[in-house]
């Protein structure tokens, strides 16, 4: 199709309207427009609304046209806990620099500080959200960006708290440089594909720092997950790439740096799992590549439950974990190769950097602890060491083919 | 000085002392004699508080010794076998005992008397039995206590030292002290002792002077007198 | 008592064995730090040494010292000294000289390694504190065994047996009973079981530092309280103190009634 004159003029007009032919609408106490709501209804498509510093008591703000809303010096939008605050139903909306507080709490509807509904090409950035139920909620919306937001919740109990950033049937979303704390799940993806989650920090959340459900082809990298109920839960998803994240101090009974449940064909590369009760908890996950990860000072670096097939653990560092790998069955179909194990006690006579004796990462004691958890109190006892040694010599309870044939003698640097 | 009433002691099932009554009030040299296993050492150790009696009462200088340690300031004791910490030098041992018991200057004179100067810087582990015994004697006599207990003092001594020892004992006696001695050397006992305490089967069989013993047993010789007591009782 | 302590202490400090013991720790420290260059690994190896070897050395030294200084003890008994002073003095002399060898032997290489700039200083201090406690406990237990047995061989045998019991056998029985009663709530039992063995107690104390991530994986509320707060540290330290005090009291009690 050739572009007609009409198209070109239309395009030029659009550009002109963008570049300030129309003045931005200002919102302040002493301005003509004193509320965000009236500014939106007054605005034309592609207008810019500047909200000056001040406090605006508003909720149920409907953004139904492509506008840019910019807050100057963080104006406060106070929803007085009456319900949802901003709802975006138009494409190409930008919200920038607002301080949104007091989202209503409800057991029947998921009120959010900002909801995007069936829209595309939105940008939500530089927001501060406090006293919230849900933070940023995307519903069947695609191609959006969520940058540099700070979401600070005060969640105490799971059943009456919401998530920081929630995606539902939303694809191609970029979530970067956000800081999320004290909500239920920091970031939650449900049926959302091809998203990029990068450079975020998610800490002290009740449930998960990041949570995937039925979401495929997503990537998350360079994020920090610290001190959450559990770091990241990846469930029922395919082809997730997990690169260079930090999982730290996720402590507790059912706590882990990462939970994989029914995950296939994922890549887990370059991550650091430090001081978690369980580094990675794996259930029913197949064809996953674990490479160049650091597991240090975890209770269990890797806990394998249920059927997990053809996973590869290559060139990882296992440093000072109480248990390196724990299995609850005798069957093994996974490959451990060329990892560095700080607990390795073999020798390297030909000095090629590879230990001459294979390493068995599964200890008898981990089997015992799985059965009777209280026996953990005997960890590092001489008696237990003797038991482990005898099991090492002739495996009875642990998978006898589970070994690293080429354990490295030096920590891997990359 | 020493007052023992109805003293009983058994080690496991082995009765060693069964009802010893002994009163030593005056000064002088008392020899405690008896066959092997008659309870001499046990009696002495009871006085020193090293053996805890099953029954009976011991008082030294009028005071009950039960649960007390201070009364040992009044006793100089020469143990039977002198085995000292082998890492210590003679000088250090003397200094240590002085440190534990109090100041005295008599050690210098005693060291001279027994010619111990060349050994002062030697470790105790390297000394011969006789030299050790001399050190032992110095340690005992360097304090001026009213009661002296000597357990086999002559062991390992050469004749010169033996003479020195006898002189020492006599000079202590002349200061009005009470001295208890056990010994197997009968000639030594006869020579030095004023009174004999003869233990037999855990009881005091005889207490009196050597001449009284000779009269009692109708023997001229002291050694024979002792032997006759033993024969009589084993016959 | 202080005088006896002084003499026992210096007597031991001059003996060959103190040097051997000191040199052993010095060498261990140097090998661990300078040939391995991995502080975390060094701390784990040290834990095994401290938990197993320190009690063994304390036991052997305690028994040996008691029997070897028997004549010296008799010499002291004839002096105007309290029995409790004599035995406590000797006990403290042994325990202190052993602790000194341990602390200096391990401390010197660690200080040269730059411990004061390192974050591992607390882990390391805890190791030394535990090691000192274990020395005091097992020397006291050894003195108890020696005091109760005139026969040197018997006393030595019982003391070693006691060490073996606490170091290995106890944990075996402990593990069996935990597995046997796994259907019941066990967290109280397992904590009590730990308290009753000084070696387990010390191990737990070090675990609080090294393996806290794993320990917090267990559900029991008492466990949680024990490992999650300072409660565990305080309880363990006071139990260790009790483990020193009780055997020492028995030394005094036994010494008062013994014939020499």
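Every chain is named by a letter (A, B and C) in the order it is written, and numbering of its residues begins at 1.
What we mean here is this: a contact is a pair of C-beta atoms (placed from the backbone, for glycine too) under 8 Å apart; a residue touches a chain by one contact, two chains touch by 3 or more.
The model shown is predicted, which means the values in this text are computed figures rather than measured ones.
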item	value
Innermost chain by mean C-alpha position	C
Reference chain B; chain at largest CA-centroid distance	A
Whole-Å separation of chain centres (CA-atom averages), chain A against chain C	47
Centroid spacing, where centroids are CA-atom means, of chain B and chain C in whole angstrom	42
Chain A-chain B separation of Cα centroids, rounded to whole Å	89
Chain C partner contacts - residues on chain B that touch it in the complex	9, 11, 45, 48-52, 69-73, 75, 77, 79, 81-85, 87-88, 96-97, 99-101
Of all residues in chain C, those that touch chain B in their complex	3, 7, 11, 14-15, 69-72, 74-83, 257-260
Chain A residues touching chain C - in the complex, by the definition given at the top	251-253, 255, 275-278, 297-300, 319-320, 322-323, 342, 368, 371-386
Residues on chain C engaged by chain A in the complex (per definition of touch)	38, 40-41, 44, 47-48, 51-52, 167-169, 171-172, 174-175, 178-179, 182, 186-187, 189-191, 193-194, 200, 203-204, 206-207, 210-220, 223
